[in-house]
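In the two assemblies presented below, subunit A is common to both, partnered first by subunit B and then by subunit C.
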Partner chain A sequence: MEELKMQTIRLRLKEEVMSGVAKIPVIVDALTPDKLFGKSEAEIKGVKIWWGNREENTGDLFEVSVEGDATSEAEVKIVMDGDLSRVKYIGAGMKAGEIEANGDVDMHCGAMMRGGKITVRGNADCWAGCEMHGGELIIEGDAGANLCAMYRGEMTGMTGGRVVVGGNVSECAGQYMAGGEILIKGNADILAGLNMKGGKITIEGDAIMPGADMTGGEILVKGKVEDMIPSFKFVETTTVDGEQYRKYIGDLAMTEKRAKGILYVK
Partner chain B sequence: MVEELLIKNGVVYDPINGVKGEKKDICIRNGKIVEEVKNPKVIDAGGRVVMPGGVDIHAHIAGGKVNSGRLFRPEDGRKGLKAKTKLCRPESGYSVPNTFAVGYRYARMGYTFVMEPAMPPLAARHTHEELVDIPILDNAALPLIDNNWMTLEYVKSGDIDLLAAYIAWIIKATKGYGVKVVNPGGTEAWAWAKNCDLNDAVPYFDVTPADIVKGLAEANERFEMPHSIHVHGNMLGHPGNYEVTLKTYDLVKGITPYRDRPVLHSTHTQFFSYGGTTWRDFESKARAIADYVNANEHVSIDLGSVILGDTTTMTADGPMEYSLYQITGRKWTNHDVELETGSGITPFMYSGKVGVHTIQWAIGLELALLTRDPWKIALTSDHPNAGPFIGYPILISMLMSKKRRDESAEEMHSSIFDRTELPSIDREYDFYEIAIITRAMTARTLGLHEHGKGHLGVGADGDVAIYDISPEERDAGKIQKAFLNAKYTIKGGEIVVKDGEVVSTPEGRTFFVTPECDPKLTDEMMTKLKEMFTNYYSVSFANYPVQDAYVPNPYEIRAPWRS
Partner chain C sequence: MVEITDVVCPLCGCVCDDIVVEVEDNRVTKVRGACAVGKSKLMGHGRIKSPAIRVNGALKECSYDEAIKKAAEILAGARRPLLYGWSSTVCEATKLGVCLAEEIGAVIDNTASVCHGPSVLAIQDVGLPSCTLGEVKNRASLIIYWGANPTAAHGNHMKRYSYIAKGYFLPGGKKDKKLVVVDVRETKTAKMADKFIQVEPGKDYLVLSALRAVLYGHEDVVPDNVGGVSKEDILEVANMMKEAPFGIIFFGMGVTQSRGRHNNIINAIQVTRAAHTHTKFNIMPMRGHYNVTGFNQVCTWETGFPFAVDLSRGFAWYNPGETSSTDLLIRRECDAALIIASDPGAHFPGESIKHLSKIPVIQIDPFANPTTEFADVVIPTAVSGVEAEGSVYRMDGIPLRLRKLVDTDYLSDEEVIQAILEEVRAIKSKEGE
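And now, the complex of A and B:
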C-alpha cells in the first residue's frame, strides 16, 4: 500500500496582533492549502496578507512551522491556533487540502470554496460557506447569519459541497442556495432557505419561517416550525428516514408555476 | 521651471493633421505641443504606435443614475477590486466602477477626455461633484433638455428663438456642454405610463417627438455651438426601429450647421438599427443605417457596440428600462426628475448563445464596417449600456481582425449567419482608422479639436498615448492587450501612466459651453421660466444654477449668437 504523505503547516496568531485596544482584523484568503503548497517555511512567512488596511508578511502576524512534505495540494493541512475571532476569510476560495481552525473564527470562513475540508472547532461568524461550490465545511459550534448564502445583490448562493453546523445558525441560512447540502444540528433562526432554488437543508432543531420565496430544493425540519409561511401547499403525509412528515410545496408567493420547493415539517 | 518632454521614434497616427503612421518626434512644453524643445526629458517610443489621447464621446460615468447603479448593484462592486496604493485610491466595480476606477482605467487605455452624456439639469451638482472626483480625465457633461416642460411649450408654440434662449440658459445654469436628447417626448409620456413613437402626440403638451428634435436642432444652430444636438431617439431597443431612426435623421436634413459638422449626432446607434417586428423575427438593419450615413453629411453616429457579458443598463429613457425589466425579471429602479426628465436602471446579461444578443453584438460591428468614412463614426459601447468601457480594446481588436470576428462568430448563436451580414464583411480597420474613431472624429464632432483635444498639432494639449505595439501587428490578442494597458499615457505633458500602471493623478478639467443669447430674448424667456419655477419646481429659481465652486478646474467655450 502506498504511504499517504501529509504536510502540516501550523499557523499560530501572535498574541500581540490581537492585543490592541481594538482588534484589527486579519484577512487570510492567501493562506489556503492550494496556495501554500510547494512553499518553504520561509516563503510562507513572506506571503502577503492584510491586517486592517496594511499589507503584512504572514510571518509577522503568525508563528509559522511546517512539518512533513506534500506531493499534492490535497496533502497539505493547515492548523490555525490562537485568537482567531477577528481572522476573516479562513479557507476562502480554497480548492483542496485541509484547514483546521481551533477556536471561534470571524466572517467569510470557507466562502467561495471549491474543494478540500475546513473544520472550525468553535463558532463561525456571518457569511460562512457563502457562494460555496464544493468541498466540506464543518462548524462545531454555532454559525452566524447568511451561512452558505450569496453576497449582496447576487442571485445564486451555495451551489455545491457539504456543510455541517453542530450548533445553531442565525438568519437567512442558505439564501439563494442552488445546490449542495447543509446539516444544522441545532435551531435555525428566521428565513432559512430564503429564495432557495436547489440543494438540501436539514434542520434537526426548530426553525422560524423556513423556505420563504423558495422555488426549488428541499428543506427538512425535525423540530418545530414557528410562523410557517402560509403560501405553502400541503401535499401528503410521508415517511422520511423512518419518521413521519407533512410534505408541502412552495412558495406559491413566487407564482404557482415557479413554486417547486419542498418543505418537510413534522 | 519649464517642463519639456520629447517623444522620440514613435510611429504617429494623428488623423486631424493627416499624419498617417509617420516616424515623427513629438515635443511638449508646459503641457502643450510645440515645434521643438531644448532640454527635455526623453521618452523613446521605440517604433511603437503613438496617438493623441483618446476622446470618448459618450460614456455614463458620473451623476445620479450612475451612482444609483452603484448602490443597487453591490454584486458589480465586488468585481475589479483593487486596493489603494500610496498614489491611487481604491478601485471597485466593473460595469459601474467607482469614480477613481473610471479615471485610472480610462487613463490606462490611453484616454484623456470623456463626455458624460446625460446630466439631468436638476441633478447637475451631483454630476459635477462626481466629475471632480474622477482623477486625470478632462470631462464635460450634456444636460438633458428634450423632455423639459419649457422645451415642450416652446416647441408647441413654435418659438425657436425663445427655445434657443432657454437652452442657452439651461446649458449655462448646469455648466453643460450642449443639447442632449433622450427619447424626446417619450420620457415625459412615461410620467403618464406611456411612451411615444416619432409622430405620437406627447400627453398634455400635444407636440410630437419629431417637432422636438427639429426644434432643438434649429435652436442649437442659433449659436456657434461646438457640438450638434446629441440624440438618443425614439423607440430605442425595439424591433423594427430602424425606420424611426432614418425618419429622425431626415427631420434635420435641411438645417445648416454653423460650421463644418453634422447637425445631429446619433448616439449608440446599434440600439436603433433593428429590423423585424418582434424578437422572433428580429434582424440587423445596420446596412440601411450605414447606407444613409454614407449618403448624407448631416449625421454622425457612435456605435454603442455590445461587449458580451453582464452589465448595468441605465438611461433617461424610463419606458425602455421598464420594457427591458419585463423581459429579464431582474431588479429595476425608476426615477422621475420633476418637470425635466426621468430614468431607469436594470442589470442585463449579453450572451453569445442567445440569438437576439448575438445579432445586437453583430450590429455594432457592422455599423463600423459598413460605414465607409470613419470620420462619421465614434467607438463607444454606450458605457455601461452595451457593456463597460473597459471592453473597448476587445472592440478595437474585432474591427482590426476579420479572423477574430470569424472565430467569435463560430462560437456564437447561428443567427449571426442568417440575420446579420457581419460574417461576409472582409474589411479590417488599420491603426489610422482606429485613431479616427477613438480620438480624432470624436474631438472634431464635439468641437474639441479647436480646444486642444484629439490631435498633436502645435498648440494642442500634450495628451499622448503610446501603445506597446508595432504598426505592422495584426494579431488580435496582442492588439487588445496593447490598447488595454498603454505603455505611456501623457496628459497635459505629464506622464500619468507608464507600462500600464498609473504613476500620477492630476486633476481633470471640466469643459463647458456658454451660449450667448440675445438679451431681449433672454428677458422674454425669463418671465415664463420664473413662472415655471414658482408654480412647479421644488427648488427656487435663485438656488437652481450650479455655482462656480462645483467646477474647480473650468475650461469655458463661448458660443456667440448668430444674428
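And now, the complex of A and C:
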C-alpha cells in the first residue's frame, strides 16, 4: 500500500493581533484544509480573512509555515497556535483533512463541517459543530452554548458526524439535532437535546432539563437529572450497556402524535 | 396657558395617547392622565446643558459641530464599532442609525438585547398568536401576567388596557374579568390576583411544559409538584384558560431574563397554541421603553433582522449571543461605541461596563445618566415626544405619532445622527481619494 503523504500548515496568530484593549475577532473559515490544498506558502499568506470590519492578508495576522506535500485535501493538516480565543469559525464548513487547534477557540468551530477532523486542545466557545453534517469534532475541554445546534431561524441542527466533548457543555447542546452522535464526558447545562428529532446524545455526567420538546432521537444520561421535564411518560425499567435505566418517551407537550423521543435516566 | 389634549406619552411600552398637558411660557406645567414616571418625563428634569468632549479625564463643553466631528472621527476609524440604544427615540432616528451602521461596518443593537430580545427570538421560532391592547381591553376575560409586575413597571397598563379597564363586552371591568399572576415573589400585582402561582426561581420552563401537557390532555404524566407549584394549581389555571372565551398572557423580564430565557417564551407561546385546542388565547410581551418595538420594526425592514445586527462584513449577520451588546462587550470585541437614548452604564453587567469605560464612547441623550460618567463625547438632544416629534410603536405593534409640545434649541436625535452620518461619509470619501 502506498504511504499516505502529509502536509502540515502551521498558523500562529501574531501576538499584536490580540494585544489591544479590544480583542477584535479574526474570522478564519477561509483557512480550511480543503480551501488551502494546493496553495504555496506565499499564496496562503495572501488569503484574505476578516479582522473586524476590514479584510486583511492571512500573513499579516498569522505566522505561516508549510512543511511537506499533499496529493489530496485529506492529506492537509493545519496546526493553529497562539491566542485563539477570538479566532472564529475554525474549520467551519471543512470537507476533508485535519485541523489541530492548540488552545481555547472562539465561536463556530466546526460549524457546518462535512468531513475531516478537528481537535481542539482546550475549550470551544458557543455554536461549535453547529449544523454539522459529517466529520469528527473533538473538544478536549468544555463547550459553550448551542453545541451542534442550529443557527437562528433554522429548524434543523446537526445531521451527521461525531462530536466528543471532554468537559462540560453549556445550554441547549444538540438543539434541533436530527442525526449524528454527541458524547459529553462531563455535565450538560439546561435543555440538552431541546427540540431533538434524531441522532443520539450521551451525557456521562449530570444534566438539567434534558430532552424538552423532543420529537425523536435518543438521550442517555449516566449521572443525575435535575429538573426532569414534567411532560415525559415513563415506559419501563431497562438495561443499557449492563446498567439499569428508567426509559421515558416524550415530549408530550408536543402532543402525543409527535412525542417520539427517548430519554434514559438512572 | 395652552392645554394640549391627546398627548402621546414617551415613557414605557404602553404609549398612552390620552394624556392632557398644560404649557405655559414654552414649559410643560401640568400633566393629567399619565402615571408618575410618565408625568416626570413630560415635566422634564436633569438635562445635559451642552455638547462636551472629555479632555484629560474631564468633560469640556464644546459646540455641536466639534462634538459631531469628534464622534465621526472615532466611528470612521473603528474596526469593531457598536451602535447601541435606540429604544427611547423615534423610528426616523433609528432609520438613519442603520445607514450609519452600514457606512462604518458596525453592529447595531437596541435595549431588547437586555430586555425582550429573547421574546423576539422566540417569536421568530414559533410565531406570536397575539392581538391589540384594544382587543384585550374589550374582550379578555382572563388575564395572566407571567414574570411581569405592571403596578411597578407599566403604571397605566391594567387601568387602560387590561384587568381594571371597562371593555365593550366586559362593561363591569374587573368584576367581569379574572386575573392570574405567576411570579417568583408576591408582587403588588400578585396581591390583586384571583389566583397567584408562586414558582421557584428559574423553573418557569417546567411549569409551562406541564401546562401544555395538561391542555393537550396528558395530566396523568404530570408529577404532583412542578417547580414548586402543586399539580392542583396547574390544573386550576389550565381550567381557567379552557373556560375563558378570550384570554391573554402578558409576560415580562421575569421569564425573558431568567434561566431558560428565550426558551421560556417559546414554551409560553406554545402554551397559547395548546390553549387554542379549547378557546381563543393570545400572548404579548410587556415591552419596556416606548419605542423598543419600533427599533425592531425599523431594523427588520432595513436589514431583515430585528436587533443585534452585525454589518461588519458588508452583509447583515444576526446572531444574538454573539452580536448582542452585552456579549460583545464582555468579550471585549468592540473598540468604540455610540450609545443613544439608553443607559448601559446603569443596566449592563459589570464586565461590559468595564470594557465600555476603556474604549471611546459617544453618548447621545437628553439626560445625564451613569453612562455620561465615562462617555468621551456627549451630545445632548431634544426630548422626543416633548420637544421633537416622530413615529413610535406601542408594545402591541400599533404605530403612534409622538407630538412636539414646546420649542427647543437642542438638536433632535434625528438631526444629530444625520450630521454624524454626513461627517463619516466625508471622512470616508477623503480616505478613498
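In the analysis below, the second predicted complex is superposed on the first by the 266 of 266 C-alpha atoms of A that agree within 3 Å, B and C clash if a C-alpha of one lies under 4 Å from a C-alpha of the other, contacts with A are read in each partner's own complex, and residues count from 1 in each chain.
Basically, a contact is a pair of C-beta atoms (placed from the backbone, for glycine too) under 8 Å apart; a residue touches a chain by one contact, two chains touch by 3 or more.
On a predicted model such as this, the values are computed, not experimentally measured, just so you know.
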Exercise. In the superposed arrangement, does subunit B or subunit C reach more residues of subunit A?
Worked result: C
Exercise. After lining up the shared chain so the two structures overlap, which partner does A:153 touch, if you call subunit B first and subunit C second: first, second, both or neither?
Worked result: both
For this session: Quick one: classify A:26 as touching subunit B (first), subunit C (second), both or neither.
Result: neither
Exercise. Which partner does A:51 contact after superposing on A: first (subunit B), second (subunit C), both, neither?
Worked result: second
Exercise. If you stack the two complexes on chain A, which partner ends up touching A:61: first (subunit B), second (subunit C), both, or neither?
Worked result: neither
Exercise. A:172 contacts which: subunit B (first), subunit C (second), both, neither?
Worked result: second
For this session: Could you say whether A:192 touches subunit B, subunit C, both of them, or neither, answering first, second, both or neither?
Result: neither
For this session: State which residues of subunit A lie in both footprints, the one left by subunit B and the one left by subunit C.
Result: 50, 53, 151-153
Problem set entry | subunit C partner contacts - residues on subunit A that touch it in the complex | 20-25, 27, 50-54, 86, 107, 126-127, 145-146, 151-153, 172, 190-191, 194, 209, 212-213, 227, 229-234, 251-253, 255-256
Problem set entry | Touch list for subunit B against partner subunit A, complex | 72-76, 78, 83-84, 330
Problem set entry | Residue ranges of subunit C in contact with subunit A within the complex | 78-81, 104-106, 121, 124-125, 203, 205-206, 209-210, 212-213, 216, 218, 221-223, 226-227, 259-260, 263, 266-267, 270, 274, 312-313, 318-322, 331-335, 355, 358-359
Exercise. Can you name the residues of subunit A that touch subunit B in the complex?
Worked result: 50, 53, 55, 151-155
